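In what follows, structures are represented as structure tokens.
One chain, subunit A, appears in both complexes that follow, with subunit B as partner in the first and subunit C in the second.
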Partner chain A sequence: MAQIELKNVQKFFGPVQVIKDMDLTINDGEFVVMLGQSGCGKTTTLRAIAGLETVTSGEIFIDGVAVHEKKAADRDIAFVFQSFSLYPHMNVYENIAFPLRAVGMSNAERDKAVKEVAEILQITALLDRRPSALAGGDMQRVAIGRALVRRPKALLMDEPIGALDAKLREEMRSEIKRLHISRGSTSVYVTHDQIEAMSLADRIVIMHDGLLQQIGAPDEVYLKPANLFVAEFVGSPVMNVADVVLAASGGQIQVRLGHGDAGFHFPAGLTNHLKETGADIALGIRPEAVSLQHDAKDGYIPVETTNIEPLGSHDIVDIKLGDISLRARTESGFVSGEGQQVWVNIDPAQAHFFDRSSGLALRGQS
Partner chain B sequence: MALSVIARLEPGSRAAKRGMSDLAIRNLFIIPTITFLIVFNIFPLLYSLGYSFTDFRASTNAPAKFVGLDNYKFLLNDEFIWRNFTITAKYVIISVTGQVIVGFGMAMLLNRDIPLKGLITTLLMLPMMLSMAVVGLFWKLLYDPSFGIINYGLGLGKFEWLADPDVALYAVALTDIWMWSPFVMLLSLAGLSAVPKHLYEAAEIDRAGSFYTFTRITLPLVAPILMIAIIFRTMEAFKTFDMAYILSSQPTTELIAIRLYKMAFLEWQTGQSSAFAYIVLIMVVAITNIYVKYLNKVKER
Partner chain C sequence: MAGIRTRREVFFNRAAIAGVMVALFIMLVPIYWITSTAFKPRNLATTIPPTVLFTPEISPFVKLFTKRSQLRDPVAQEIYDAAPWWEQMVFDGGQKVVRSNKGVVRRSGYGQRFLNSLIIAITSTFLAVSMGTLTAYGFSRFKVKGEDDWMFFILSTRMLPPVVVAIPMFLMYRLVGLHDTHIGLIILYTAFNLSFSVWLMKGFIDEIPREYEEAALVDGYTRMQAFFKVVLPEAMTGIAATAVFCFITAWNEYAFALIMTNRKAQTAPPFIPSQIGSGLPDWTVIAAGTFLFLLPVAIFTFLLRNHLLRGMSFGAIRK
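Let's turn to the complex of A and B:
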């Protein structure tokens, strides 16, 4: 078990910088998920921690020991590859035993360790099969078994369940979580799937273009996105983002969307901090914070529905407001079809404001 | 079924305009090959099988007399023939082992990013593009005791490479290694580059040392293609004739192919040499089969 620390890490592939000023501390026993689109540098970061990739500059510490000059073999870290990377000419037992044989562990000890890991992962029955005769989920179990068997300081996983089908992914996800809790090993997990990230992580690290965007617990990342990228990347369906104009009206502030005159009323306290910025402001509002009504109500704006996505547990309804489109989450069957007149309002408490030019979130003191 | 596999002719093509059917085209390609095979391979094979049971001599007009298995009995009981077999076995083992070590070693060296890799590979392949007889002729010059460059380079004075009965076979094998290592290298290189890179990364993560990685990952994964190279080289080494015949005429370098040549065309023992050729054929097929069995076992995974 170990603490991993990255200090000012930079990585270039030729002229392309794939990791920029990476500073990150992963605590002992923590499950950290690196989330980002493909090509954002998350896998490269993970490989740099493992020692499969050198860093151009910067330092990496594992348990306070500088390892960025060391080879992967000397870092005592396990890695689960997206392609599983099982040895095709060895059976499951030999695959799991490989890291132990490589360091010359005695037969009896090795046998015990392999059997124990196989037991935990429920692959005891498969031990004498070859990888080519395994189903995807079992291959992944073997790959994880091979990583866990030597009790590494940390477990790094590069989209380990990305190649599995949806149902199996869900199953393996909870299995990985269960394993992490029972073993308490420091884990770093790379994925582009936000649901995986949200469900597994103690902390999520969101990357974009080689830059750290936000580090935080899943609910923190979801409820308090640090910038527009995080706001639009995390959450499904994506957050509504629209340029807004603020106008005073009585004791309240009117937030106008879509270049129309109609606007939503916000308590002044929530928007006070926006006055000083002077920048163009964008409003971010998640679909679940957009409420629809069938009848006119105070503060609600009349709009027309343009599209309905029935998802079973709820519907996603697109509405047209001025020249922009908003997505709202409603109970299923709330709106029967396109082109209907409904009234819309948003929950000011769940609204996010962003500086359009810098993309940073604008938050009050509260 | 067979017809449906063959692509239909383009309706507007020249062949179609000339009134040729798919079947006609197929026959046009296949019949010459089949005829050639029958006339030059199958027929002599069967005809010599017949001769192997007679005392026929191609140099006389005397009619062939059926002698049953006498030729086979005689050959298998002849200790000189067994000496030829021993020499050949020794030669095959030395030469093929040498080629695998040198060829695989070169492939390992080339299986990385080095400048001018393509050019180096091509240059290394030159020996196997030469004619066997030519290689024999100029290696005879290289080995020459008085002006050969090998003795000059190694400072061995007047060392008799080819005239020394104890060394001559090794000298011939060395020439064969020089000539055919590139072949093993070529196949090994194909095998090595087919090993997925992520397996090496996994091995590195698993803390396997370079030797352990080589024996447990690289070698088993290259084994099937290396085995094919070994099959080819063993068969070829078994029937080595021209190069060895040109290089040395020592009794210690008398490989079965040379003995066979002498028996058939110097002594004109046509019947007996046919029987000899069949014994050799059966041996080569048997040895190849052992390899193929192993190859199939390796390929199963």
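Let's turn to the complex of A and C:
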């Protein structure tokens, strides 16, 4: 197992820059998930680490050794593809044994290694089947088995469970996590699914347009998004973002949304740092930090509900506040229908402020 | 597919089967004609209306593989007795009686011509398919400067009917000493088939996901190893289809074989009509030669049928 280091990596496809100034260190034994929309450069980054893509400039180190000019075969890493890419003309056993044949291992050793991996992944019964006779989940187990059998320095996975259906995805997700914990392999995992990212990662790397947006533990990314992109990308349902106007009123600050006169009261300490920035300010607030009440209460603003999404464990309620719409998370059945009058407030401790023009988060000292 | 079919579907299904049977019958008539003529006695080959029921005999094949010359004197009984059965058959026309007007028997050129055909067709097919596959792989997987122009150039070599350049080709071949040589025809047929092979194989290789090779590359194989261990087995379908087409073209080629060869490297197609001879044409011998000539293509196609069934539906290969 090994540490992977990217230093100032740039990648152009023709005139298009798909990786911009990438600096990233993945520690030994760490599970890093690269998260972003399609086309953000995450897969290209992964392929560059694997050696399937050359980099235009910059350096890549695996275990302190510069590899960016080495062939994929000489980097000693394994890659799991979204399409599984099991060789159709070989059976499962041969597929798993294929990487071992490249290194010229003895037959007995190879046999032992294949059977051991098959045991761990519970695919022993499938060893003499052809890939075409496998179910999706088993195909992915075989693909992971093929990657692990050689005991590579690092395991790279490109949306490995993206092609499976929802239930199987959940199952494989916990299996990948279990495998990672038991094997402790340095893993880089690419996905556009934030739930996968949150549940698997030690650290999440969020990318957008070839640029790193934020690197951090899942809760850090969720609770302290570095910018508007991360704030809106991570979390489901997405964070409410609205332009705000700050107005002082008797020792407290009023945060006004939707061009209305009514505003939420924030303790002055939380908004002090906003005064210096002359920029337009946007407020980000997650639906679970928006609370609704049936009756009027101090600090609450009367609003009307516009839409309700019952999700079983909870409801997502849309409310109209001035000329904007906010989404709130309530217990299920809290609001009976559209057009109902409720009172709304937000939790100042869970509010995020962003500079509208740069998108960067505006945080106080606390 | 539902188990229950409507009346309408049943009707169309039966109509389709009937249509296929009619087409099959029409297509098989020439095959039947050649095959039956190849086993007919000479006097029944040209009757009108055609003779359908006859006692088959192999004398046309014997005549095909032998060369007979007239003798002034009848064959002596002891020579007749000492001769193997096929020569006896030529001496007496299958009558078991020594006749006076028969001749000496030597081997005809057909066996050698047939062998030439096999050598030339198989070698040129192998060359065209292997070079075509490698070229197609290069075009499919790597960025080639002016790829479209190159591909068009390769295709354009087929735009001129080859016979148009037969005379200059003949003169060039004579100049460099390739006239009437195996290697000469092999080069020629390989060149004919190469562009076709490149285009066909490119289609097939484009269909093979790159991830297969990438997986092999990451797993410690070189590009060449990945090509042989992963791409080639996956491309077998396409290779089989391309090989059948190339083999048929090289096997059936007539015009250049006629012009470029006369003896040593002559293939079967120009030889068969030369057996018509100077006297009354013996169609049974022609039919026998043609019948044998049809077999290799049939066998070759039969052996590769499993690959072809998938291969003909270009690009329908998916895991």
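General remarks:
Throughout what follows, the second predicted complex is superposed on the first by the 366 of 366 C-alpha atoms of A that agree within 3 Å, B and C clash if a C-alpha of one lies under 4 Å from a C-alpha of the other, contacts with A are read in each partner's own complex, and residues count from 1 in each chain.
In this section, contacts are C-beta pairs under 8 Å (C-beta built on N, C-alpha and C of every residue); 3 or more make two chains touch, one makes a residue touch a chain.
The model shown is predicted, which means the values in this text are computed figures rather than measured ones.
The superposition on subunit A brings subunit B into a clash with subunit C. Once the two complexes are laid over each other on the shared chain, residue contacts for A:Pro348 go to neither subunit B nor subunit C. In the superposed model, A:Gly216 lies in contact with neither subunit B nor subunit C. Of the two partner chains placed by the overlay, neither subunit B nor subunit C lies in contact with A:Gly36.
In the superposition on chain A, A:Pro160 contacts neither subunit B nor subunit C. Contact with neither subunit B nor subunit C is seen for A:Pro225 once the two complexes are overlaid on the shared chain. By the touch criterion defined above, A:Lys71 reaches both subunit B and subunit C. Shared-chain residue A:Pro287: touches no atom of subunit B or subunit C.
Residues 50-52, 71-73, 76-79, 81, 83, 85, 87-89, 98-99, 102-103, 132, 146, 150 of subunit A touch subunit B in one complex and subunit C in the other. Residues 50-52, 71-73, 76-79, 81, 83, 85, 87-89, 98-99, 101-103, 130, 132, 146, 150 of subunit A touch subunit B in their complex.
Interface of subunit B with subunit A (complex): residues 196, 198-199, 201-209, 212, 216-217, 220-221, 301.
Across the complex, subunit A meets subunit C through its residues 50-52, 71-73, 75-79, 81, 83, 85-89, 98-99, 102-103, 131-132, 146, 150. Considering their complex, residues 209, 211-212, 214-222, 225, 229-230, 233-234, 319 of subunit C touch subunit A.
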